[in-house]
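For clarity, chains are labelled A, B, C, D, E and F in written order, and residue numbers in each chain start from 1.
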Amino acid sequence: MPSKHPLKGSFIVDLKPGDRVTAFLLVRHKQLEPFRDRSKGEFLTLMLGDHTGQLLARVWEGAPELAETFNEGDVVKVAGDVEEYLGRAQIIVNKLRPAREDEYDLADFLPATEKDVTAMLGAVEAVIAGIADPHLAALVQHFYNDNDFRARLAQAPAARRVHHAYLGGLLEHLTEVLTLAESVLALYPEINADLLRTGALLHDVGKLREYTWARDIDYTDEGRLIGHIVLGDEMVAEAISHFPDFPDELAMRVRHLLVSHHGRYEWGSPRRPKTLEALALHHIENLSAQLNRFKGLLAARREPGQAWTDYDRLLERQLYAGPGDELSIEESSQME
Amino acid sequence: MPSKHPLKGSFIVDLKPGDRVTAFLLVRHKQLEPFRDRSKGEFLTLMLGDHTGQLLARVWEGAPELAETFNEGDVVKVAGDVEEYLGRAQIIVNKLRPAREDEYDLADFLPATEKDVTAMLGAVEAVIAGIADPHLAALVQHFYNDNDFRARLAQAPAARRVHHAYLGGLLEHLTEVLTLAESVLALYPEINADLLRTGALLHDVGKLREYTWARDIDYTDEGRLIGHIVLGDEMVAEAISHFPDFPDELAMRVRHLLVSHHGRYEWGSPRRPKTLEALALHHIENLSAQLNRFKGLLAARREPGQAWTDYDRLLERQLYAGPGDELSIEESSQME
Amino acid sequence: MPSKHPLKGSFIVDLKPGDRVTAFLLVRHKQLEPFRDRSKGEFLTLMLGDHTGQLLARVWEGAPELAETFNEGDVVKVAGDVEEYLGRAQIIVNKLRPAREDEYDLADFLPATEKDVTAMLGAVEAVIAGIADPHLAALVQHFYNDNDFRARLAQAPAARRVHHAYLGGLLEHLTEVLTLAESVLALYPEINADLLRTGALLHDVGKLREYTWARDIDYTDEGRLIGHIVLGDEMVAEAISHFPDFPDELAMRVRHLLVSHHGRYEWGSPRRPKTLEALALHHIENLSAQLNRFKGLLAARREPGQAWTDYDRLLERQLYAGPGDELSIEESSQME
Amino acid sequence: MPSKHPLKGSFIVDLKPGDRVTAFLLVRHKQLEPFRDRSKGEFLTLMLGDHTGQLLARVWEGAPELAETFNEGDVVKVAGDVEEYLGRAQIIVNKLRPAREDEYDLADFLPATEKDVTAMLGAVEAVIAGIADPHLAALVQHFYNDNDFRARLAQAPAARRVHHAYLGGLLEHLTEVLTLAESVLALYPEINADLLRTGALLHDVGKLREYTWARDIDYTDEGRLIGHIVLGDEMVAEAISHFPDFPDELAMRVRHLLVSHHGRYEWGSPRRPKTLEALALHHIENLSAQLNRFKGLLAARREPGQAWTDYDRLLERQLYAGPGDELSIEESSQME
Amino acid sequence: MPSKHPLKGSFIVDLKPGDRVTAFLLVRHKQLEPFRDRSKGEFLTLMLGDHTGQLLARVWEGAPELAETFNEGDVVKVAGDVEEYLGRAQIIVNKLRPAREDEYDLADFLPATEKDVTAMLGAVEAVIAGIADPHLAALVQHFYNDNDFRARLAQAPAARRVHHAYLGGLLEHLTEVLTLAESVLALYPEINADLLRTGALLHDVGKLREYTWARDIDYTDEGRLIGHIVLGDEMVAEAISHFPDFPDELAMRVRHLLVSHHGRYEWGSPRRPKTLEALALHHIENLSAQLNRFKGLLAARREPGQAWTDYDRLLERQLYAGPGDELSIEESSQME
Amino acid sequence: MPSKHPLKGSFIVDLKPGDRVTAFLLVRHKQLEPFRDRSKGEFLTLMLGDHTGQLLARVWEGAPELAETFNEGDVVKVAGDVEEYLGRAQIIVNKLRPAREDEYDLADFLPATEKDVTAMLGAVEAVIAGIADPHLAALVQHFYNDNDFRARLAQAPAARRVHHAYLGGLLEHLTEVLTLAESVLALYPEINADLLRTGALLHDVGKLREYTWARDIDYTDEGRLIGHIVLGDEMVAEAISHFPDFPDELAMRVRHLLVSHHGRYEWGSPRRPKTLEALALHHIENLSAQLNRFKGLLAARREPGQAWTDYDRLLERQLYAGPGDELSIEESSQME
């Protein structure tokens, strides 16, 4: 398991009872508990993890004081021993301190894209550079020329669970949408290319506010209460207000792309596509999402040597990966 | 048929072949057509209407020049004779000129609320005055202290067809929602009263941009492409940006009220209610809308003396008004 | 935990290993089991509970004879000791006998309304007194003047789980519906007030037969096989047969209120509303039910300090209670 | 076209311009209209029909007086001439008087079963005679020993349009259900035969109140507002109340058959089948209804020589009758 | 528990701790596991079962070598002792060897029909003999005269879980469909009898490829990926290709029966019934399936003495079996 | 209107009263009708059309004999005069004879693709040439090396109405699917490229039997009764049977692509995608179909100068084309 940071130390997936461990790990849960013999005070139970898994850990001594020095969601440096307890491994912590920001890479603690982030950003920029309409070009650059926006875009997931649900997933999804958009434009010259590209580039900007990925990939409160479609529309409307000459009709078309990109009411779309560009964006976006979802399920939910994955409750089916290894997702992935 | 303006003249509903007519009427359609004998040039075919109906009209002489002087959607003053043609009445126009703004009242040309607009505005203001939270009060006043907003609110319909689909309908709907909200607040003190009132007052502000009611009640382009839910959310978010101290969490709750008030994905709601206030608002709002819809169907789509209305395609049913006149909608209305 | 009866003794929620307990408790399950050493005969395993929870209990001696003296669903007086077994508390019973009816209050054993039952009954009577139509007044009084009916109405839950699912819940739901009905009547004078009030008062009478609340709140067999809508309609039709002069058309309207009050086929409604009164009743009834459901979920399924409740499978969402305590349901409830 | 009554005279389907007609016909609509020259008073426009079709008819002289002598829905004896007017045939009435009850057979005016009603009633009686359970036998006889019930059952349609929508259709449907029930009983001895037969015999008794078939086959008011399922349950519950010894559990099972026989909520069923008998009844009943519906569509909505029927909006499809005549419905029908 | 084979030995359901066992059992799972003291090598954990249940079994000695001699899905002869471990019984294996094919009957290891297979096959043959149309008769015989087809048909289940999900279930379902078809033909002579019988006989032939029943009843890969409807259509189309004179129109009608027999798109039917025969087949087939499903749930999922079964997730309801034993499914079954 | 054949003559769209016409036209309907004065015998009423429209035509003399010489669906050469009758133009035929096959091009009579058929066929061949797997390559060539298959593929429509509903539409759809597939393959190397290309090339082969395009584009009988999915699967299964070495697992995967390409049960798909290739094919195919559908609606159902199309009943919405001409579909099309 290659680390993203030289100091990372062990990965959870590799730990076995009997191992001595030194590693940077993320604190997922933290709880002080009383000893049975209450006169002994309290010990600390932790759930420590990285992107390969998580383990229970115990701090027997000095727990109350130590517990004050870090919070859930922090990365900590831990030294200890792996023991077996009730048939499962756990870490008996000898030393623990909060990590400094330069001692770790968040990508070691959350699943992350295997694609080259810089290359993907470059591909996105090439598309932006090709937008001829000055209003649309300015609107897109309003977002993409903002360094903070780009930094967050490079990290954000595209979903909590279903598709591209890992760091960099949103950027990966974006590049797929842009690639497919070019194919569609080649087939349907009736489509306004600048508009479709703009829609592709901006359709998911609201996800930067819908998700948080500090500890786990999860919804933000405003993500749950308002959602990325409406948040994204607000962001785009606000951006357009900076360009007094931006044509009203064009603004309306861009916003229609945002608010209709989920395609169907039952998928939370407040509008359904009513322009050729909106229809194309919806189907392209969905194609990218569904392919990634299937790919992920085939890789993750298949027992070794089994032709079929486990039953997926949302898809209401099992997926077929085939009997042989020669067609396996893992191998193919390594060929990329 | 009482006029809203002393100059109105005849109403369409009262015209019969043989009548001589002088009236202010709205031009719904306008078309120059060639005489069969093309050497005679062109005549003008008009569809003229008011809120009681519409009639075909012809201008045989001077048509091309006259046609230059007014547009579809204008109110014109017409003098002419009613004749029968192919079994239907039509107006042979003798004189026609565009009306001045002070010569007519738009309410004579479109269906309008029978409630007292001033009284309804007063009731709304009383609710606004009762909002204790300073942030919410300021936000609501940002809209309601704007004279243009109030003027448009007093005129806007609440829908194109289904419910409160007449001038002043939005205000009527609003006052119903506010009244029902007070009942709910009395029953459920757990509900944040200021928040529910704010949601009630702002939930449909987007309809001021979703509909146009100059000639017919119809959707605007942005109404069709973006919709009042998203437009309203944008308006509220923009308004909140004027108050730097407006708490983020409160802003999120207010916007959640906007984006979830349709209650179900399949009704175009990008979010479903997740707070007690949002749930209450959705059900109250729907109750007002559905009651008005039924009331309108019972009044309009019932043959005289029939217990049942015509079949309504959207409701997929006929409604029952009862056999006797003593229970009729019309009488009840007069008792108000 | 305040008792509804002076003799109640301990509540389950307060018991800890090491406690000595004397309490009236309800027998939820009862089972004789053989000792491993079968020569020792049988012991008794009980599940004893009150409205705060339930605990396992054991009777080691004289079990077969004791088991003959009471049934599941009975309230018993228990004396014993609380011990820990496999990490969970259980009661070792020393003495146990069935309780007499005057020794307990059923409300101590099942969740119950926090509203004042007498006050609610008074409010209902005030509505009944206001019904002017003599036929409708007589019909309603046929039910409400029956002491047994009133006694059962004061105790019945409105549902097994979803809303107002506690003793007195049906009455609480009824008073909410009546209150909301008055608001609607003020807004829509076209609605026949006597009819709507009658519908509100009778729409759920079938629930007195749909549910049983002796031990748990559960469905009766006829509740599951026939349902409260049809049972209620039968009760009303039977009552009407006592009034030979009751107008047929009015009877039909009343029964339509009963059979359409669930509003939609998919909600088990054999008819959908076709009169203004039926539409109003359906939406009012649903508003009361949904608000109570949300309120209950927000109070019960929220971890302390969490802004969000657990995921609710039926609503398919988490609810938002907000971060602070100042908005919490509990506090608000106490302010009532 | 064979008449059901010797006096019937011509059938509508056979009338051509130039014919002189004497016939008993049903008055579907009646309207006095003024002559253009109003001094001439009024003439009478009628829509006269029998089960083969309908024609417009005019009475030019003495119309106001004549109009007093009969109502819509009456059968009248008419003498007149068939003329062509605006490309369509109409009857110029010379003489017209109301018919006496013994002068016509209702079956000539409404579509009616082609099966032998007496034979069908005999088959039903044989099933009744085979019910061994004394309670169920008494309950069924309570209905079937009532001459008025039997007379109405022999005439009633099973639906307004969809299936068995003709006089005697309900009886035809009933005999089909009984026949299929015997097949099911032979296959599944676990089914309580007396209960299934009782359910089959009583499941649609509410249709005697749901439909009216005096002039057209149409819904009654209580049919629309309450529906045959609830009406039938009430009739059965009322009948059971006449037998004090009728076991409660058995009553509940019978009523469950009534209230669940539509099988699905979305088909207006307040309960879904929960017993083997109820499941069997639902599927048997639906099989009979659907077969009759298809048969009717294949016979009625197929152009001569066409393999396919017209598109049926409710079934959302065209049906295939095949290219040749040897498979045609008509021939098959004649072979019965 | 009567054995289908004289050598069967004990059934799982009868084994208790302390028993000595000799039995033929099916290996459902097989896994070598290391002893804690790894120097001791590996032991074998097995799940052994028959149609009455399954038990864990251990082989402590010579496990690796023994494990080579049989596979999951094999029947083995086992001798050993039943012990209790962690509160559950398990078999300590003393001897184990693979069984020969003549030492067991598959029906002892999987649930199987209680009907007489020979009698059912005879009934099917009688229907085949009655098909008059020579093309249809030849087509049906193409399948049924094939001994391998008949042998497999006699064994196949009709489903994995929902209905007739046991060996011989497909044949049982088939005979029910044929019986019901005769009832329908007696009622609707318009139906082409030869065609309906052919459809009934062939509609599920694809299930011979959709299911495997060697070890468990499960889907085959092509069952999951293609499904019995399409597989069956292919088998029938291939069979028809052997008869050059088979009329095209008739072939199309037969195939329509296959591809529409699930009746609704949402039930995986690529076509909906468009002929009278297809409609009849769909409803008959569904009636048989649903009755068997209910019967199975009532027998299997009911606690002794309980009126109601457990909640069934797919049917979304509990079923009612009634309170007494006199109506119980078991007794009724014994009366067959 | 450019002709596809030099002899075509006039197009329907260009004919006006007063014109003399000589043209090749398709006979859509043909009917002999009696003159009012029946002694005069019969005249012939025809509906003649080409892909620009259709006109009524009459043959007054020699009609019965002439009617014998051609059938509905034939192309005929017509000479005559255009007259006005009841306000509509009709052709009075002077001469008429059936056309020879070399005198016309079917594309003049039905709507046809505007793309270059030869170029599209070339693109398809290039994809076929790139299939590396010898089994899949052989399977695809089995179809595409058949000249009759290629000829029919070049002509077939992809649907009757919804998308690519014109001659050559199926080929156009196919090339779009192939182009999009290459984009997807570039993004998802896990997808088996040969398999996806094979699926793309074969997924709609059943449409060659589902549609007829001789006179109108319409369903065949087997198209309606069996459908292109099952027909195509049968064609592919039959083709595979010619290759004894074709791997079973591969055959199953190919057929899964066919039977799941509609993606959802409710869209008539007997299976839903369970492999990555099947998922990709479904979404690609749908993207092509939906884009073409929108493009067609925008071009055809928009009034000149209107921003919105008419309401489309299937899409349940109006589409937005924008206000100006600069974005219009027509201009864009000309720029291709």
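Simple rule for what comes next: a contact is a pair of C-beta atoms (placed from the backbone, for glycine too) under 8 Å apart; a residue touches a chain by one contact, two chains touch by 3 or more.
What you see is a predicted model, and the numbers here were worked out from it, not measured in a lab.
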{"item": "Relative to chain A, chain with the most remote C-alpha centre", "value": "D"}
{"item": "Identity of the chain that, by mean CA position, is farthest from chain E", "value": "B"}
{"item": "Inter-chain centre distance, chain C versus chain D - centres from mean C-alpha coordinates, in Å", "value": "46"}
{"item": "Chain centre separation (chain C, chain F; CA means) in Å", "value": "64"}
{"item": "Overlap residues in chain F, where contacts from two or more other chains coincide", "value": "221, 224-225, 249, 253, 256, 274-275, 318, 320"}
{"item": "Contact graph of the chains (line, ring, star, complete, other)", "value": "other"}
{"item": "Contacting chain pairs - touch in the sense defined above", "value": "A-B, A-C, A-E, A-F, B-C, B-D, B-F, C-D, C-E, D-E, D-F, E-F"}
{"item": "List of chain A residues in touch with chain E within their complex", "value": "307-308, 318, 320"}
{"item": "Residues of chain A touching chain B in the complex", "value": "221-222, 224-227, 229-230, 233-234, 237-238, 241, 249, 252-253, 255-256, 259, 265-271, 274-275"}
{"item": "Sites on chain A touched by chain F in the complex", "value": "176, 179-180, 182-184, 186-190, 192, 249, 253, 256, 272-276, 279-280, 283-284, 286-288, 290-291, 294-295, 298, 317-323, 327, 329, 332-333, 335-336"}
{"item": "Residues of chain C that touch chain E when the two form their complex", "value": "221, 224-225"}
